[in-house]
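We just call them A, B, C and D in the order they show up, numbering each chain from 1.
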Amino acid sequence: MRVLYFAWVRQKIGLGEEVISPPPEVRDIAGLVAWLSTRSPGHAAAFANARTIRAAVNQDFATPDHAVAPGDEIAFFPPVTGG
Amino acid sequence: MRVLYFAWVRQKIGLGEEVISPPPEVRDIAGLVAWLSTRSPGHAAAFANARTIRAAVNQDFATPDHAVAPGDEIAFFPPVTGG
Amino acid sequence: MITPTIRVQEAGFDLGVESARLTAGRQDIGGLASFVGLCRADDGLAALVLEHYPGMTEAAIGRIAAEACARWPLSGCTVIHRIGRIAPGEPIVLVLTASSHRAASLEACAFLIDWLKTGAPFWKREEFADGTSRWVEAKAADDAATARWAGSVL
Amino acid sequence: MITPTIRVQEAGFDLGVESARLTAGRQDIGGLASFVGLCRADDGLAALVLEHYPGMTEAAIGRIAAEACARWPLSGCTVIHRIGRIAPGEPIVLVLTASSHRAASLEACAFLIDWLKTGAPFWKREEFADGTSRWVEAKAADDAATARWAGSVL
């Protein structure tokens, strides 16, 4: 599973991208956030306030209950500010 | 009093402009239209359907009850179609 | 309060040139909205011929632009309306509005073009390839679009 | 159904060039609406730095543009969004919509810029003259503007 980070999520984690293999009980975005938060203090800081984080699964916006699977491309980022 | 005609009002009357001296009982746009209608068959045709005619007094849109005075610049034209 | 740029002219205009003129040297403009009305070749149309009321036209557009500046915090406003003969594909009218924020520029632009349709003394005549010609009739839809901006003092 | 032109690029763009490209050789366009978002020099801003999600960005803008084409009868649609470093006074985003009628072009243009603000994965960081830097926070007003276009399937 490939995970991408953008904007201040990327800065707090200190990585733009990582390849991970979460345990099988991680089935959705919410579960993945909980599991990622344990990986480093940076991860914990980035995901500390889940309300300020948005996610995408395979390049489509996804809610916390969206399923995640081994081959997916997952991304975490702040609310978007384009335009 | 100077009267200007535009678009099909001008074409029906056959004049773009004329200087007129209506009698003193012509006090407003409605009265002026009635008086102008008697000047020629072209005038009569132009003003035959008063609902399709708009007016301006001194370059400002005016309703039929708007007063007219000797020094005024009056204009008659169809509803506008700019833009 | 800014001074709108208003021009009534036979010559064409260039959106890029006018927008560059409005924004040149500025760092306070966050949104620039524009509308260009063009001549469509509907039903064998050969040309549009636009007549106007010299003097009143400029005054009417000036009042409409001043009203837009009073309603929205504009940092720039350009209105150009062509007269005379216009071929299909050519531009007829340009409205350009700048503001620090996008909503103001977009709303003022829509307001101005709606009002120009119903509040400025222009008349369009259509000339067709077969030599016939007819005056364009005012549309109830245009009055309705203008009425959206209720409460105007125009 | 037209194919929108969508570009995500570091380079600047020119409104005049893009509008000429969209209307070249056409005689069926009655209205061309545009919006350009520019970088303001607020509070000592030295530059905006725009980050995006390559791949998803283009897909998201493509879905938003397709939705606009489904809602309004557009005869042309261009969306250009810059990324990277942008100085005050420079353009950030362009939305250009053409239709046979003005209302469709104006509404689709407003729809697209509202949606781009909330539906495409861009993030802005502000760099200030004093060397500090901060991520721009999403605005509730932008969500409200997007919500105006209720019923979207996006």
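Everything below uses one rule, namely that a residue touches a chain if its C-beta (ideal position, glycine included) is under 8 Å from a C-beta of that chain, and two chains touch if they have at least 3 such contacts.
In this text the structure is predicted, and so the values were computed from the model without any measurement.
Student: In the chain contact graph, what is the shortest path length, in steps, from subunit A to subunit C?
Tutor: Graph distance in the chain contact network comes out at 2.
Student: I'd like the Å distance between the centres of subunit B and subunit D, where a centre is the mean of that chain's Cα atoms.
Tutor: 49
Student: Roughly how far is subunit B from subunit C, going centre to centre by Cα mean, in whole Å?
Tutor: 26
Student: Using CA atom averages as chain centres, what separation in Å is found between subunit C and subunit D?
Tutor: Taking the mean C-alpha position of each chain, the two centres sit 23 Å apart.
Student: Between subunit A and subunit B, what is the gap in Å from one C-alpha centre to the other?
Tutor: One centre to the other, that is 73 Å.
Student: Which positions in subunit A are in touch with at least two other chains?
Tutor: 83
Student: Where in subunit C do residues touch two or more other chains at once?
Tutor: 37, 102, 113
Student: For each chain, which other chains does it touch, given as pairs?
Tutor: Final set of chain pairs in contact is A-D, B-C, C-D.
Student: Which positions of subunit C touch subunit B when the two form their complex?
Tutor: 37, 50-53, 55-56, 59-60, 81, 92-93, 113, 116-125, 135-138, 142
Student: Any idea which subunit B residues touch subunit C in the complex?
Tutor: Spelled out, the residues of subunit B in touch with subunit C are 4, 6-8, 56, 59-61, 75, 77-83.
Student: Going by the contact rule set out above, which residues of subunit C touch subunit D in the complex?
Tutor: 14-17, 19-20, 23, 25-41, 88-89, 100, 102-103, 105-106, 109-110, 113, 145
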